[in-house]
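Each of the two complexes below includes chain A, the first together with chain B, the second together with chain C.
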Partner chain A sequence: MGYPHKSHPRETPILSKHFGEPEARTLEGWKARGGYKALQQALYLEPTAIQDLVKASGLRGRGGAGFPTGLKWSFMKPDGKQHYLCCNADESEPGTFKDREIMRWTPHALIEGVAIGALAIYADTAYIYIRGEFTEPIRVMEAALAEARAAGIIGPNAMGSGKKLEIFVHRGAGAYICGEETALMNSIEGKRGNPRIKPPFPAVAGLFGKPTTINNVETLAAVPHILNNGAEWYKAMCLSSPKSTGSKLISVCGNVAKPGNYEITLGFPFKEFLYDLCGGPPAGRKFKAIIPGGSSVPVITIEEAESVRMDYEGFLEVGTMLGSGGCIIFDDAQNMPRQLARLARFYAHESCAQCTQCREGTAWMTKILERIVAGQGTFEDLDTIFELSENMTGKTICVLSDSCGAPVTSGIRKFRGEFEALITGRRSSTIAMAGAAVGAR
Partner chain B sequence: MSHGPSAPARPHSPHAHHEPYAPVFTPGSARKAELDTIIARYPEKRAALLPGLWMIQQERGWISEEAMTEIAQQLDLTAAYVKGVVSFYTMYHQHPVGQHFIQVCTTSPCLCAGADDVVKAFLEHTGCKELGLTSPDGKFTVIEVECLGACGFATPVQINDDYVESVTPGKVPGILSSLK
Partner chain C sequence: MSEQKLVNLTIEGRQVAVPEGTMILEAAKQAGVLIPHYCYHPGLPVAGVCRMCLVEVEKMPKLAPSCATAVGEGQVVHVYSEKALEARKGVLELLLINHPLDCPICDQAGECELQDYTFQEGRADSRYREPKRFNPVEDFGGDVLYVTNRCILCTRCVRFMDDVHQDPVLCVSERGDRAMIAKAPDADLTQPWAANVIDLCPVGALVSKDFLNKARAWELDRTASVCTGCSQGCNSILETRDNVVVRQKPRSNEDVNKFYLCDAGRLDYRWMNRADRLEVPKIALAGALSPVDWEIAYAEAAKALAGKRAYVVASPKLSNEALFLLKRLITKTGGEGAFRCATGPEAPLPGVKDLALRADRAPNVQGAELLGFARRDADVLSGLKDGDVLVLADDVLEGVDAAASAVAKASAVIVVGTTLPLHLPKVAAALPIANVAEEEGTFTNLRGRVQRYLQAKAAPGLARPSWYALADLATAVGADSNACTLPSATFAELAASEPAFAGLSYDLIGLRGATVAGAGAGAA
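On to the complex of A and B.
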């Protein structure tokens, strides 16, 4: 079943198979759908065996960076120390809304994945950090955790194995930056959500100073399927690059006929995805630009998008990234300078303000872009933005600073005509810009 | 200071600060027991700060200076430390807000789908003159908010705790009249 629309026959519904089925939320309903078999198995496996299985599957982090999950887990050694797993459910990257559906429809899938992930890294305690706005997912997760605890699936003696497995929800309080893994740990510790300087890396000194692994919701939810069906099965889900395996949830939003989450096998042709699965542009419009991996990745034109295969390598080839899989689509009625100015404002608002380049850079970039949108920009402003972006990239504690420049500079490169039209006064931003008559396309 | 997109709500009732503060975590209370349960989940007491602040906000509607002192005492922190944390997170109110706190997402994915018209409709139909101001009857505060993580349901609006999805300007009067 799909949600909010039915699954398309060309989707690969694995994580999303039970979206929209209220019974799947209950322990009984989840067990009837094969739930907790993988955990039962994992409780009797060596952590290294779980790590190796996930390594062999090719699963890569779904939170944005695409780091191989099994490899990340193998950094955690049996050193006798307390270890922690943090599940990153902060989901605040504009364009991304997949983890919310996993939590609100299949909470036990996440609990099982978190439990297995904890076992794989020698941890007996895990925290699921959910953004504070997600009241409904928090309620659903808390209810499922209470059920799992009452049934002895988690707790002091998980499924009768003699092993302790505790999982708690930790509610955030509004801050995009808390999705950055070290900020997330600070936030759990009751501090301001400022990212930490690395090293030390979380695997050495993370939450409460102890070795810690941070994984995204979707990453962890995929793990039980790998245990149940085998690494070879997972690895075989691959349509293009062997480095990109498995299924991926793609959140689709913006100007599109059927927004929502779609689950594809990695390597799926983007053009068919956009027109067949997502139903193409809204009636009477044309697609113009796409930010395919959450707002922090470079913009591509529809022409570039049409040749892409949807995997980590495919998006890199056109100069952007698969990222979190949050696909933001703009049609030909949209004014790119206005949209990018609003995105820059997002980063300025969310900067934690520790680093000068980021605090000043995001604010300045926003100011310049808003000036251009108001028809008061100059050509020098465009050069200043590129210089700013240069100074904001690779120089700060975390990559939020880089993330502000990525969509903006790529957007200026690709839609320069729209910026120039505003600068020379040929267009007002309040007038919808329609068709190929506008811009440098 | 500009009150454009994502500016916080502004105080509307200067007298509220002088109302006597009723502590939330009194000995033997349910909230005190809840706080103790949460403290036990972590190796350090301080980790219960965000959850503790949530409890206060649920009980009192906002986080006053007195509230900060109260939670600081519960967790062996200083009030100044608590204030530093409270001011970092956008969801803690540092002054009273309207009975219905309305947050409209206007980040690009929602903006390109028409979120600015939804904002206008809320301002018009609530009688809130400006973003961040509370309506004269104390019922509504409207602010713009950054991505709510529901971009496929443009425009999502968070009213107090709950999301209302796929809001269009035409649906606004109906939504407002359904609020008690």
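On to the complex of A and C.
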């Protein structure tokens, strides 16, 4: 269901089916809803069988990159080493709040998914890394884990199978970058959450130097459903590109009538999603721009958005990405320079400070944008931003620096008029600021 | 050593073959190409954060950080392609946007990699129009001052303290452009090797309080030397300005000290500039020491030694050459030689094998022992017999208990040294010699490694190099040393007559050192 709204008939409630039902949080309530059947089955399957099943389902990483999950798991070989599974529940991408709801309402779904994921990669230990700000989800997850452990579902003898399965919750300290998989591992290890140089890739040397796989919450939560209903069932959920299958939670925020989480089948038409499911723009306004996949992806105009099919390929066609599915919507009352300056400021604040381009570049870009918003910009500034963004792209350890440039440069390209209005003084910066205040509502 | 697989690649059109697993940056060095870099340092774990060493590798989609990209068979690397130059230019611009550009008052100016690479590859101007970030200077304790604004966050200092010194007191604090190097509370950089962070810092962020505002880097003359602080024999560079030693820095030697020099060693140079030197030869005339010509001083010393046994107290800070000539004197007169050596607690650098500030705080203890001098420390005068001539070779007997009464046994005292002993009667002749900074010579370190040091400044007055003065003295007493016309010739004589040094020569020792017979493979 589109919590906190009632489920829309055109949604595909699979992961979100039990959102809003307090009993679903308990082990008893979850079992009554068909929980842990998939794990029971997985405990007696060969890891390669689970990998093959997930490969066949077409499930792709829901954290943003969209890497095929089964393929990722197949990098883990039975080499006799300690393996780890990390569940990335950092969900730090601005505009994204789907994992939060999964953990809040269906913690056992995640535990089951994590357990199956661990089995699939020859791991007996898994960590769920939850961002520090998620106080309620942490509480819920820890209570659910305690229940599952007490019931023997996880522990030294998982569900009586004789297999060891340990799951720990690790609480982050509040850093965006800890959602990057290698920074996440450093954070679990107790180090500063700095991304690591790849190679070595986590599948070779990850957490504590051991082969590790990192999966997003939504990805893992989908796995039990694939085991229960079969790969064909999952694969059949597809409305457009055959490379994008299954359901996807979309977090919608910003200037929209009904913000919240919506679960759709991949390939759903974006226009109908925006106007039908989400109820269109607030009264008296028009949609202007959308960042469809969490703040790191390029901005698209509403005209571009209306033709898009919501899947990995569809968004790529208009030069943006499905990303994490965090949909940030701006209406015509918003001042784009101000919005993008705010976004850049976020990245400048969160840069881990390792790579020069990111540490200095994000801050510089923010300062230029804020100066433009304050009415002190020049046309050269726009050129500088493009050159700076070019310099910040593809040259650093992780992609935070790229992620700062992408929405800003796409925003300038698509809303250049608004920037020029501020530069030439045709639009007063006080109004730009005021518009921002409305946006921050 | 096991057979290593070699990988062939082309760097800037030059073919090189390097062992598998070598990083492109190191391979490029072998091809004669220095790829600009900041965070990479051969003695530290790779961080890959400055992004300065980006190069273009054919068939790779993105520019590769050459410090963290291993070589591959058939790779073609372009260091100076337009794409690579553009990327590095971008890094340099970004490194400078918050940099204070205070080169005129920065100690690092002239030896600063930020200056060098900006000059080489950077932009002529900056497009930065915003206010610069500002942070105050912080005293890191010990000899280290942190000028936050100049820091480029390469983290060499952090990695040195973490991995080499293994006392992780430094870290990167804060995020984004607010980041800076921070020190653990109540942990000053007073660890015995901590000041190496100053040399490791590629810019002027970590500077030496000792050297602060003392000289400009381009005014200095640099001379290869060996630290005299202990028996480790760390290779060093003596930096002089106007005939004054102003700084001692490590000189890298893979077999001895890698890239490092301990704090005690690096700050132990002021004595080389002492002003109260023995500058002219002197002999006792009418109860007082009077300046005379060198030949007269030699003759006077020879006269005192005639028919007497020489009891030589030699400083273990003397060169092998000087000690060898003293040995000739001893042999000729049937005397004996002894030495004493100051000691202190040993302070190892944990991350480097067999590197420590050694307990013996003199550079040539091993050489003195190999040349037959007996270590007697506090009892250094115990072998002095009635009627002996006491030869004080740069040891003024400071701190030796009852030195005056022991010396009373001697028929005469001959001083061959940089300074005169105080309150010692019976000095027949005093021969002024140069100190380590003023002459050429060799020391033998505790692993039997013979290492050369060169002359960094002029000796005061009429002082002569120790090998020179001692060769003349030996000749004067009848031990013909006329062949010792140069330090190298003196060493050749030494190598010819001392089995331990057999086969060694200045040419062979070079500036990296060579090991005496029977000492094994150096730092084994």
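Convention: the second predicted complex is superposed on the first by the 427 of 441 C-alpha atoms of A that agree within 3 Å, B and C clash if a C-alpha of one lies under 4 Å from a C-alpha of the other, contacts with A are read in each partner's own complex, and residues count from 1 in each chain.
Heads up, the rule we're going with is that contacts are C-beta pairs under 8 Å (C-beta built on N, C-alpha and C of every residue); 3 or more make two chains touch, one makes a residue touch a chain.
Everything numeric here is computed off the predicted structure, so don't read it as measured data.
K.L.:
Should A:Gly152 be classified as contacting the first partner (chain B), the second (chain C), both, or neither?
P.N.:
After superposition on chain A, A:Gly152 lies in contact with neither partner.
K.L.:
Answer with first, second, both or neither: which of chain B and chain C does A:Arg171 touch in the superposed model?
P.N.:
first
K.L.:
Figure out whether A:His349 sits in contact with chain B (first) or chain C (second), or with both, or with neither.
P.N.:
both
K.L.:
Would you check which partner chain A:Thr362 touches, where first means chain B only, second means chain C only, and both and neither mean what they say?
P.N.:
second
K.L.:
Please work out whether A:Gly190 is in contact with chain B alone, chain C alone, both, or neither, and reply first, second, both or neither.
P.N.:
Only chain B; A:Gly190 stays clear of chain C.
K.L.:
State whether A:Gly326 touches chain B only (first), chain C only (second), both chains, or neither.
P.N.:
In the superposed model, A:Gly326 contacts chain B only, not chain C.
K.L.:
Taking the superposition on A as described, I'd like to know which of chain B and chain C A:Gly160 touches: first, second, both or neither.
P.N.:
Neither partner.
K.L.:
Of the partners chain B and chain C, which touch A:Gly34 in the superposed model: first, second, both, neither?
P.N.:
So A:Gly34 meets neither chain B nor chain C here.
K.L.:
Any idea whether chain B or chain C touches more of chain A?
P.N.:
The partner with more contacted residues on chain A is B.
K.L.:
Starting from the residues of chain A touching chain B, keep only those that also touch chain C in the other complex, and list them.
P.N.:
175, 192, 349-350, 352
K.L.:
Where on chain B is chain A touching in the complex?
P.N.:
The touching residues are 4-6, 41-44, 46-51, 53-54, 75, 77, 84-85, 88-92, 106-109, 111-113, 146-154, 158, 161-163.
K.L.:
Which of the residues in chain C come into contact with chain A in the complex?
P.N.:
Touching chain A from chain C are residues 46-52, 54, 62-63, 65, 68, 87, 90-91, 93-95, 97-98, 127-131, 133, 152-153, 171-172, 174-179.
K.L.:
Flag every residue of chain A that touches chain C in the complex, lowest number first.
P.N.:
175, 192, 197, 348-357, 359-364, 367-368, 371, 380, 384, 391, 394-397
K.L.:
Applying the document's contact rule, which stretches of chain A touch chain B when the two form their complex?
P.N.:
4, 82, 91-97, 99-100, 131-136, 166, 168, 170-176, 187-193, 208, 251-255, 259-261, 295, 326, 328, 330-331, 334, 338-340, 342-343, 345-346, 349-350, 352
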